[in-house]
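Working notes, beginning with the structure itself.
Naming follows writing order (A, B, C and D), and every chain is counted from residue 1.
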Amino acid sequence: MKNNLQIPLRGIIPPLATPLLDNDTLDLEGLEKLIEHVIAGGVHGIFILGSTGEFSGLSTKLKHQLIENTCKIVKQRVPVLVGISDCSFTESINLAKKAADSGADAVVTVPPFYFSASQVELLSYLKNLAKQLPLPLFLYNIPMHTKVEFAPDTVKAAAEIPGIIGIKDTSFNATYLKKIQYLLKDRNDFTFLLGPEEYLPDFILTGGHGGVTGGANMFPKLYVGLYRAAVERDFEKIRILQEKVLQINATLYTVGHYGSSYMKGVKTSLSVMGICSDILAEPFERFKTPERNKIQQALEALNYKDLL
Amino acid sequence: MKNNLQIPLRGIIPPLATPLLDNDTLDLEGLEKLIEHVIAGGVHGIFILGSTGEFSGLSTKLKHQLIENTCKIVKQRVPVLVGISDCSFTESINLAKKAADSGADAVVTVPPFYFSASQVELLSYLKNLAKQLPLPLFLYNIPMHTKVEFAPDTVKAAAEIPGIIGIKDTSFNATYLKKIQYLLKDRNDFTFLLGPEEYLPDFILTGGHGGVTGGANMFPKLYVGLYRAAVERDFEKIRILQEKVLQINATLYTVGHYGSSYMKGVKTSLSVMGICSDILAEPFERFKTPERNKIQQALEALNYKDLL
Amino acid sequence: MKNNLQIPLRGIIPPLATPLLDNDTLDLEGLEKLIEHVIAGGVHGIFILGSTGEFSGLSTKLKHQLIENTCKIVKQRVPVLVGISDCSFTESINLAKKAADSGADAVVTVPPFYFSASQVELLSYLKNLAKQLPLPLFLYNIPMHTKVEFAPDTVKAAAEIPGIIGIKDTSFNATYLKKIQYLLKDRNDFTFLLGPEEYLPDFILTGGHGGVTGGANMFPKLYVGLYRAAVERDFEKIRILQEKVLQINATLYTVGHYGSSYMKGVKTSLSVMGICSDILAEPFERFKTPERNKIQQALEALNYKDLL
Amino acid sequence: MKNNLQIPLRGIIPPLATPLLDNDTLDLEGLEKLIEHVIAGGVHGIFILGSTGEFSGLSTKLKHQLIENTCKIVKQRVPVLVGISDCSFTESINLAKKAADSGADAVVTVPPFYFSASQVELLSYLKNLAKQLPLPLFLYNIPMHTKVEFAPDTVKAAAEIPGIIGIKDTSFNATYLKKIQYLLKDRNDFTFLLGPEEYLPDFILTGGHGGVTGGANMFPKLYVGLYRAAVERDFEKIRILQEKVLQINATLYTVGHYGSSYMKGVKTSLSVMGICSDILAEPFERFKTPERNKIQQALEALNYKDLL
């Protein structure tokens, strides 16, 4: 394992948006700007090829370029986590090898998401996978996209497998992580990370380690500040910053009321802020002018320049 | 409105189990014992005819007996909230009238749960309902049973309707109440109550008012203590008591892995503790000896007598 | 058992709409007109208090009036089936007694639809229920409203319980009835009825007994004709009439794109046709003028007078 | 377009299982045997890289080998359809190019299945995809795996896009294809194919073109016979053969009650029959001896040798 990764992993690890020039071309300049932006904002790690990073829409070739270039730009200033989620075991292993060769610190996977496996099958899959992985593995629970979850008992069993070191949960079910925290209450070395931003401080206050919060692409300082306020139990600061995060969720992630509104909101905001383009991978298209204007207005209502 | 009800309603309000002698006979003695047990434990209110109270399985006649007798036994020592959930508008109104006549303080309803209504239809329904209700109304969001939720924007609009004073959420989605808290951030008079016990302190620490926690049937002192620890930001106490609650959830509510394991666990625990019988309304049957033994062992592992 | 009910029950049994003057007042004149309309159209039975009959939204008092009056009007010209679906066992029994006292021929129930029961619990529930029922029972499978289904193996076991004589399926899953037909292939006395109108002839052609088709409220002759064409394997007639049914589904049941569009379409059509009013029970409201106009146009496009 | 593909495509097109030597090695000998087996059984086409073909679990390299070798073995005796389903647009195009280069006749795709797209986005996606495809495209509707469906109105609009020539439906919802058949009633050139085997003859009797039936891997003659019986309206033959198909479904596809029981049942049956090995791609493992024995017994109970 790399020394760069502390156990447990704590803090804000943005699920990095993937800057694109077109459906199959990486925006290298945008990628560099975005990485420098979040590192300057104090993030504790970077997670590429997650849902926010549109991993599922990207070609294998583009994924390899992204892994290589991210590691080059980050230069080990913070840990780099790489999503290797793929319905094909072999393709997941291939991505993990590329991540290790490029100098990444850990990999992350959701369950195979086309043909749902049973919990018994998932555990066996994780055993087989971990055995062949060159880097430590975080589980990534996101049943809204994968249909199947890593059940709490499966996570408890998976935590015994060498190389599996933590979980990121985006189930939106607040009892899920609580159940796992209880089952693993004697395991100080297992990392609990939260996806949904809205209850980040609640989670940190009662034993959570960190957040993989999409909004940290745009506002790393805000999310890092909220994380620290929770660690320091500064309730007045929590109140003020959590309200900002709720405003971001209510106004930047809901334009158009698509399922993809969140992802479009993140990329359009980054574009309005001059960080990278708003182009999305298929099957999604960038916002047209009226929606983009709404994002611009929502950013202004947030006084977003104060958040940078 | 009754003076007995403070705005917002704060604290632990157990969703009272309904003690039964058989499928259609109220266990009056058990009811009295259970009510005295929870009031002695310091609860801040009592909610009858909720999901834990098996409202849906009870006949109208039995519901009326329960409302009348509960109010008589409680004698206004704490507020009494009465579930009027029914797919029929008229039957809901009838239950609310019985509640008002018996001296209850508020009523509570889920959305009609057979034929799902749209959000527009739900809002119109709430307007028509509130107009005819003799008591203030709490919304009860529990999509696992009702399929449809009260969407955050619907709750925001409903909060403008005279007589609608709060919401109890059992969606298990921690972002749900956060969204509503944000939408109603200027409404200090609207009550936010949480169903799932596992993250009660997390919720209280960041602005929640209280919990409608099933485990408070058995262990009112534990849940009241956890609530107070959260209000007082006593993190060491929160840690210890929340772990107890997680143990209760992991061991008392999961025997048999039925959907009804929770309800059976509550009633069997109450029976083992000598408070009331373990009989359930159809279509559910009480645990047989092996399952009952597991509950007994789980209670002993909890050192449950120390929790009383 | 009544002689009026043939085994298996074959043909078109409309799930009768419930004519209302307001949310809690039966439209007796409309009820009589509607019953005479469908009997004149040749239907093979009448099913009241189904989903199309808005059973869940009606008060107990109104349900009793409906049962009594329907039986009086029908005067045993066709079998009357009465829905006794209720989450409360006792209320289901009460409705069944009223049905028997009024001269109905059979009762029909969905699974308890609030707190989902397991298949083991459902089977036990059916055993307990059938024991106390004064009339034979049809199962009614409609998971879109009840969440839980009667699994094929449960139906097979239920078919052994004295008094359980058939099933009506509205799962929209065409493999469901096929599986049950296979499991009960030696039981010529068990009735298979289909809810969704779109594949009525397909079902009749390969062994189905009949349809509980909502459109037969408006167009009993059309559905009876389609049923007969399927029995007689008149493929040209099937093609023409099935296309009409598909047009009804595409144009009368989809106005407004609500979940309730179907029910509103049925009642508005009946109102435009002068049979009964378009008032619905809460939480649903009748169509406003623009939607009503669309129904009127759709009826004209169907040349609906030719279908009567 | 290739002359090999008749419009509409009619008959039995088995979704070919992918014979494997291990998780990432194609069983070439098994592939040849399987293809000769189904062609000898009279099938009207072959569909590789469908759900039954475990497309999602296979590496890109193995997919390319499978496409190339299948086309070589088939030698245009029947049309070859190639699944290009992938969440990445670019990878779908790459597979389609490989299919065209190898001499396949058409390609097939499900919607992107990780991040669900709206219907508007799906239609735009199909337009962009069809523009770049070197072969005609069938839509593949299977919401149990993809969450999102191609809604009937989307299919109607897609049918206007040059190159989109048909749909295969595995929604299990029998009203789905009926709605689309109605919407496209004037389009004799659009192909309707059914996945679920249980109601294959019902579908053919009322206007369907064919079946993509998994059981035709083992018993091509049976499914071809059932298809022909339906085309010829030979009801006695339909009854006998449909019962066999229902027995196959009830006994070969349900061992172990996993979600993957179907796929394991198909491969184990092929292995027992000596056609290819029973190895599955990750995350699935082949049956152990007790389950394999059940398959063997079920095959014997079917008198399967008579079906060959």
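As a working rule, a contact is a pair of C-beta atoms (placed from the backbone, for glycine too) under 8 Å apart; a residue touches a chain by one contact, two chains touch by 3 or more.
What you see is a predicted model; the values in this text were computed from it and never measured.
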| item | value |
| --- | --- |
| Both-way neighbours, i.e. chains that touch chain D and touch chain A | none |
| Distance from the mean Cα position of chain D to that of chain B, given in whole angstrom | 49 |
| Chain centre separation (chain A, chain B; CA means) in Å | 35 |
| Touching two or more other chains - residues of chain D | none |
| Chain-level touch network, classified as line, ring, star, complete or other | ring |
| Every chain pair in contact, whichever chains are involved | A-B, A-D, B-C, C-D |
| Touching residues (chain side chain C, partner chain D) in the complex | 172-175, 178-179, 181-183, 185, 196, 198-199, 201-203, 205-207, 233, 235, 238-239, 242-243, 246-247, 249-250 |
| Touching residues on chain D, where the partner in the complex is chain A | 23-24, 51, 54-62, 87-91, 94, 111-118, 121-122, 124-125, 128-129, 145-147, 258-260, 263, 281-285 |
